[in-house]
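Please see the structure below; I have some questions.
Naming follows writing order (A, B and C), and every chain is counted from residue 1.
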Amino acid sequence: MRIRNRQDFATGLFFIAIGLGAYWIAADYPMGTAMRPDTGVLPKALAWLLAGTGIILAGKSLVADGPHLTEWAWRPALMITLATIAFALLVDRVGLAVTMLVSMTLAAFGTPETRWREYALFAIFMVVLGVVVFILGLGMPIRILPQGLSWR
Amino acid sequence: MALDGLLANLALGLSVAATMQNLMWCLMGAVIGTAVGVLPGVGPVATMALLLPVTYVLPADGALIMLAGIYYGAQYGGSTTAILVNLPGESSSVVTTLDGYQMARQGRAGPALAIAAIGSFFAGCVATILIAAAAPPLTRLAQQFAPADYFSLMVLGLVFSIVLARGSIIKAFGMVFLGMLLGLVGTDVNTGNLRFTFGISDLFDGLGFVPLAMGIFGIAEIIANLTNPERRDLVSSKVSNLWPSREDFRRSRGPILRGTILGSVLGLLPGGGAVLGSFSAYTLEKKVSKTPEKFGTGMIEGVAGPESANNAAAQTSFIPMLTLGIPSNAVMAMMIGGMMIHGIIPGPQVMEQRPGLFWGMIVSMWFGNLMLIILNLPMIGLWVRLLLVPYRLLAIAVLFFCCIGVYSLNNSANEVLFIAGFGLLGYLLIKLDCEPAPLLLGFILGPMMEVYMRRAMLLSRGDPWVFFQRPLSFAFLVLAGILLLLVVLPAIRKGRETAFQE
Amino acid sequence: MRRREFLTMAGAAAVTSFSIPRATAQVANWPERPVRCIIPYAPGGGSDLIGRPWAEALSQTFGQQFVVENRGGAGGMIGTEAVAKAPPDGYTLLATPGATLTVLPHLRKAPYDATKFVPCGRTGDFVTGFSINAQVGPKTFAEMLDYAKKNPGKLSYGSAGLATATHLRLEMLKFKAGIDILHVPYRGSADALNDLLPNNVQMMNEINNIPHVKAGKLHLLNINDTQRHWDFPDIPTLTELGYPDSDVPIWYSIQGPPGMPQEIAEKLNAAMVKLAQTDDMKSKLRAVSASLPVQSTKQVAEFFAADSQRNADLIKAAKVKLE
């Protein structure tokens, strides 16, 4: 047996895994009656359908040729994800300005193309833009600076 | 209503809408709306919520004219980010990304944006006339829908989402199922049971559309583009002409007209009206086209149809709100909030008791659309130039807008955490060559379908025949069946051929 | 001038964001900076209609912004939980309908202890009653009972959702009148109204029915309040119809987080009592079909406890479960 279409094979496995996982979680959701179909009906049906789709896809990938998987972009995937997480964790704690600087700098590490001097100017511009548009303009309830640094 | 009655009403509306102040509020709403529509993630609902206290100090007609302006302004603006950076700010602009972003990558962002604006303007004008001339009969039409009919309509919508997929049909099915599963996360409305929440209280209300779309489209696209210069350099390399060619106009005429009609009708329905409008317009264009296989590669029809449909639907969704006080979406709920703040209880008597307000708002919509097209067409050059910003910087800006946009929805930092996960999921889907659009449609329609299915079963006291006995429902199901066969049969035949060739 | 007012508002919003919470709360000088009023539902709903006029009026009274913040989700649990966990310094308050504190905890495991909140004042009661689609036939409460008894299970009732005050109303009616009506939960009252008007469901009990009662599409059968509705002087209350202790209003209040100093609650209550007697406030609430009870903090606490007890009793007696 040879896998002729790695991309489809991987997709098939992905669908099967999610389908089985969803079924496992939904296993004890009640099914109800015809008049009151309960919580479990659609999740279980969808879990089977998804896994079934995965099986067809994986099966087909054994008989028909297709593209291989391309290389993963680890660096941007990691840094962009970290940048997002940093934004989420910081925004309520240290205010928008610091949050933006940390998050954007992490994102800038995501690509080797970053030119740091250019980035510094851009970052300042973005922080000013962010504060003016979202806090002063739209009045979003976020602090601008960390607690100890701001004035009353 | 007699024609001169209508004219008298429109004259009354004109006298309200054309005052200096109200024109100013209208312009302000349109400008704010365009601005927030362009900011990815910051949608009209969040903006209206933020500005609702401001409208407190305005007179009722000014406040409502401004709020309405924000809404349809955002519809104009929303397509901009969908086309430029593949970020659908709202569910109804998901399909715009399919061909709009492809056009932008081929250096044709200008024509795409222009056609989107022109289509929206045309649709907005037609829908405004519809509201003025036929709001009450249209309301009666929408009232014909029972839960069983909505269910079948949702089924049809899911079939649309498979039809519009470009690549593998099997993957499209998988994406729809996966999307529906994601849509089920949260509290089951009928029973209060929790599903797939893992005890996290931020999931009790389900995943939000905006975090999902921002992650799967926006963040994933950034990740993929940052390492892959060829993927994106097209965008900045050859920004050719800004204005659509004569050929573009010729090709867009039909789609704009058909999109307007579809959108106007579906916009009347509560819930998924605007979304179904844009999806079905896309499906229709793909079906009537002589080259359906080219859809998804930058066909202007794929922008013109859905954009007209979603703007038409945005306008006609005012009808149930104005005539019955029923909000068909979150934005209309905000409008109702805005009315009630001014002591106006929305309902059938608004038209009689406050005719100036009612007709003034309708006339202002036309002014608003006019202002929007005047505002937006010259902006296209500016937007397109935005693509000349080096991608290493543009990516960071888009990421920030995604984060703050999602934060603005509920002032919740935890929802920003979700987009990190969705970004990785979206990246995986790009790698596996799975189109995310069907997933998003399944996500939106799946839970609604379940709600209507259970409501229909409850009201029919457990009799499933209700779906076939009601003529509307039956018609939708038959149509869905036919469409499904049309899509699946050729795929199976083709699959067999390739298998035998081996 | 209007434009100037707008600019002032924008300025105030800007200033708001510059200020920062202080570590120690100075009770005597409260409020020294803007106060957050969390409404545990999405914007534009009933809670907003009551909450926003109050935030406006309190801002004027205290000279500090009372900023409304909608934190919707999970039937009001998410916003309520946020307040429960906020610092009890009087700068975060909850503006909520009774359901999140006196209904939900009896039906579901809530992530907060409802009895620990510090009641500050009542902000209004929605006044409405059961209404029935005119196409069904019955025009009065008695006729509806008669119809329901002859056709058990035929009528259906749309509520704003499970474990809401309107859901409980139906359970009360079914239990006390001994009739069988099908409960159909919706996502909010607007969603339910959309099925009520074409007669897909027959009955509801929400303020958004009132315009349609006036237009003749629905019949209002009763009023669930201690007094009759000013616009419908002919419609009797449930007590008058022979169901004592059933006229439970859908009531709203401002609550402080557990542990908030009582002095702040009293200071707020005093201002609220004064405001509740102004014609401006009365007419603003009347416009959304709400009446305005005036109570001291002690009375609110008593009312709160009684409401919670009554709901618990009903839920137990009628065996209400989240199906």
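A few comments on the model shown:
The definition used in the following text is that contacts are C-beta pairs under 8 Å (C-beta built on N, C-alpha and C of every residue); 3 or more make two chains touch, one makes a residue touch a chain.
Being a predicted model, the structure only gives us computed values, none of them experimental.
If each chain is reduced to the average of its C-alpha atoms, the one that sits nearest the average of all protein C-alpha atoms is B. For the pairs B-C and A-B, the larger set of C-beta contacts lies at A-B.
Between the CA-based centres of chain A and chain C the separation comes to 37 Å, rounded to the whole angstrom. Computed from the mean C-alpha positions, the centre of chain B lies at a distance of 32 Å from the centre of chain C.
Measuring from the averaged C-alpha position of chain A to that of chain B gives a distance of 22 Å. Contact with two or more other chains is made by residues 10, 69, 323 of chain C.
Shared interface positions of chain B, defined as residues touching 2 or more other chains, are 190-191, 193, 411, 458, 461. Counting only residues that touch two or more partner chains, chain A has 36, 139-142.
Residue ranges on chain A touching chain C, taken from their complex, read 36, 135-136, 139-144, 147, 150-152.
Listed in rising order, the residues of chain A touching chain B in the complex are 7-8, 10-11, 14-15, 18, 22, 25-26, 29-30, 33-39, 42-43, 46-47, 49-50, 53-54, 56-57, 60, 63-65, 67, 69-70, 72-73, 75-77, 80-81, 83-85, 87-89, 91-92, 100, 103-104, 107-108, 110-111, 113-115, 118-119, 122, 126, 130, 133-134, 138-142. Taken together, the chain B residues at the contact with chain C in this complex read 21, 45, 48-49, 52-54, 56-59, 62, 143-147, 187, 189-193, 201-202, 204-205, 270, 320, 324-327, 330, 333-338, 340-341, 343, 345-349, 410-412, 451, 455, 458-459, 461.
Touching chain B in their complex are the following residues of chain C: 2, 5-6, 9-10, 42-45, 48-49, 52-53, 55-56, 68-75, 77-78, 81, 107-108, 111, 153, 156, 161-163, 182, 184-188, 190-191, 193-195, 197-198, 200-201, 208, 210-212, 214-215, 217, 283-284, 287-289, 322-323. On the chain B side of its complex with chain A, the touching residues are 36, 39, 42, 47, 50, 168, 170-171, 173-174, 177-178, 180-181, 184, 188, 190-191, 193, 195-196, 219, 222-224, 226-228, 390, 392-393, 395-397, 399-400, 402-404, 407-408, 411, 413-414, 416-417, 419-420, 423-424, 427-428, 431-434, 446, 450, 453-454, 457-458, 461-462, 464, 495, 498-499, 502.
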